[in-house]
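Labels run A, B, C and D following the written order; every chain starts at residue 1.
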Amino acid sequence: MRTGRLEAFSDGVIAIIITIMVLEMKVPRGGSLNDLRPVLPVFLSYVLSFVYVGIYWNNHHHMLHATTAVTGAMLWANLHLLFWLSLFPFATGWMGENNFAALPTALYGVVLLMAAIAYYLLQQAIIRAQGPDSILKKAVGRDWKGRLSPVLYIAAIVSTLVSSWIAETILVAAALIWLIPDRRIEKVLPRKGA
Amino acid sequence: MRTGRLEAFSDGVIAIIITIMVLEMKVPRGGSLNDLRPVLPVFLSYVLSFVYVGIYWNNHHHMLHATTAVTGAMLWANLHLLFWLSLFPFATGWMGENNFAALPTALYGVVLLMAAIAYYLLQQAIIRAQGPDSILKKAVGRDWKGRLSPVLYIAAIVSTLVSSWIAETILVAAALIWLIPDRRIEKVLPRKGA
Amino acid sequence: MRTGRLEAFSDGVIAIIITIMVLEMKVPRGGSLNDLRPVLPVFLSYVLSFVYVGIYWNNHHHMLHATTAVTGAMLWANLHLLFWLSLFPFATGWMGENNFAALPTALYGVVLLMAAIAYYLLQQAIIRAQGPDSILKKAVGRDWKGRLSPVLYIAAIVSTLVSSWIAETILVAAALIWLIPDRRIEKVLPRKGA
Amino acid sequence: MRTGRLEAFSDGVIAIIITIMVLEMKVPRGGSLNDLRPVLPVFLSYVLSFVYVGIYWNNHHHMLHATTAVTGAMLWANLHLLFWLSLFPFATGWMGENNFAALPTALYGVVLLMAAIAYYLLQQAIIRAQGPDSILKKAVGRDWKGRLSPVLYIAAIVSTLVSSWIAETILVAAALIWLIPDRRIEKVLPRKGA
């Protein structure tokens, strides 16, 4: 199997996840500012998750860009990643509707952590399949963002015991470091006709 | 990255947004005409939003048609546009369920305004990347529709202070000017194999 | 613009419509057969709509198969068709939840009728753009199914005044005539690489 | 028609089904562990269905990989398969929300059984169209998994009369046998440019 199929399916699932999350912002009954106020935390959690899913979509493409053939292991590693991403709407909604309370924030961190681990497993599955000259391995390099993120997610989960606002700050920071342009894979790869 | 990937993902998200909006039209309990009546304003707001999302899909394609390579800046500018479009179902539902009340109509105008700004930023990101001979810049030309729209959205937002029906009239008019055939980009571009 | 883009977007919207309809089958609270019973009419209306959307998807492809270039008129005629198809989940849910009562069944017939008209308008837009040697015109031929369907929908709408079961029988029959294999377009067209 | 179109549409529907299932996990009101507890059975049923839909997506691709031309019979056989897959969110939600009670578990088994039969019918439609030298027939071989699965689903349905936990165990086992790597089709087919 080529990567086209895998990319198209992953794109579809990610596009649906990113759009379905907005359904957690329930339309309030009344039309006043007071009616809109409870939606604010759900909106803020939606913004954070939108950025995270955007980052995953972005990174996922760069990764598949450095991949040619798809093995059975990659396929299931990819479905495993999509599974954790599919829990974003639930975790986002629970955190937002409970005004960033400790436990929902911790669960949100756990989903982020599991997605990061799933992403890493997929990356390893591709590198293993590509063998010693893996172009993805070269492209990923030391992968400081990929290594730092899970540490930050764990820090956020633990810090909910003290204050969920510390946790939120860490989760926002962990998203921001991914927004810094990252041309690792683009640097290594010349071009690919797809 | 080529534009194909970006187009496919944007298409997916826009297709889901346009379809998910219809879920705000809740199926009424009873089967009489009286039960159906409260759905009417939601239906009307759905029609307006369907046209707006259709316009965005249309314009988005013409724009990417005049684009070859995708930079990191374009990618995030595109996600930023999709973010504001993803708020259409919520803003549409709130406006419709509150019978076009002032504040929900103003919020709807704000979402339209932010989407227009996001669209403009994406357009600028592409033009900047294409350099002095930008084919998109030539294609866009004086862009009177793109310049007039935000002015109309602001006028609509302000006019909700007086009457939300004036605001709705402006928003409908702002949609209609986009339905006038616009072959700017088609004129400049000869053809492109995709 | 080529047809690829239009097909992909239409496919996306139709795939979402067909899947979103199932959400109108609300999961009942209890786990007994009695709890499941009220779902039965919604399930039956879902089956009917699934077949109808499947027919539209099928016909839509055959039609675009006989089309090369996309004009602005086609694009809006296509969005117009997708608009009426997007009302299927609502009309299906209303009819099913009200146990095929007269008015919801009539509305369902109206949505089917409008979709059929929209389909016809799209067909005409393509034939007009193709000029006197239109390959689609030849492929469509006398189009007896396309001519009979709206008549049946109107008959179904009117017959709800007498009995909604007559109406349902007509709507089921109108779907069944489309399931008869129809190789008109395949006969005229030799092949097309897409 | 080529398989590309059919694959893209099926991918879209399957991607939406797999993502929409997660909406059955309703976000609980409160933010405590007690509020989260009732979600657990729904989550577990979601995991099982996610794996099943993943298996179907995987097998569906391998099957279409061994297919070139699409006939009308295949097209409707494929829609028939998608119909039963589209009932997964409902069956999953009903089983999960009723804590794996007997009847919902039996219905879940029935949906699995019908999907398996629909898959088999699609496979036969392809093999019939390919004629005596069917590459798919060779690829499928003795198809022990495809033959065992329906037997297991029936065993699970019947065993709900005794204990729904026996049924769940059988359904989990029936999923696990599909996760064993299966390179039948890859072995027969050399490569295909898509």
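Note that a contact is a pair of C-beta atoms (placed from the backbone, for glycine too) under 8 Å apart; a residue touches a chain by one contact, two chains touch by 3 or more.
Every value quoted in this text rests on a predicted model; they were computed, and no experiment measured them.
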> What is the touch distance from chain B to chain C, in steps?
Replying inline: 1
> Between chain A and chain D, which partner chains are common?
Replying inline: none
> How would you label the chain A and chain B contact, same or different, if same means the shared numbers make up over half of all numbers there?
Replying inline: different
> Which angle of rotation, from 0 to 180°, maps the CA atoms of chain C onto the equivalent atoms of chain D, to the nearest 5?
Replying inline: 90
> What whole-number Å value describes the gap between the mean CA coordinates of chain A and chain B?
Replying inline: 26
>> Averaging over Cα atoms per chain, report the distance between chain B and chain D in Å.
In response: 37
> Which parts of chain C, given as residue numbers and ranges, touch two or more other chains?
Replying inline: 8, 12, 16, 20, 23
>> So with touch defined the way it is at the top, what topology do the chains form here? Options are line, ring, star, complete, other.
In response: ring
> Quick one: which chain pairs are touching?
Replying inline: A-B, A-D, B-C, C-D
>> Taking the touch rule as given, give the residues of chain B at its contact with chain C in the complex, in rising order.
In response: 7-8, 11-12, 14-16, 18-20, 22-23, 25, 27-33, 36, 47, 50, 54, 57-58, 61, 65, 179, 181-183, 194
> For chain B, which residues are in contact with chain A within the complex?
Replying inline: 1-2, 4-5, 8-9, 12-13, 16-17, 20, 23-24, 72, 75-76, 79, 82-83, 86-87, 89-90, 93-94, 97-98, 101-104, 107
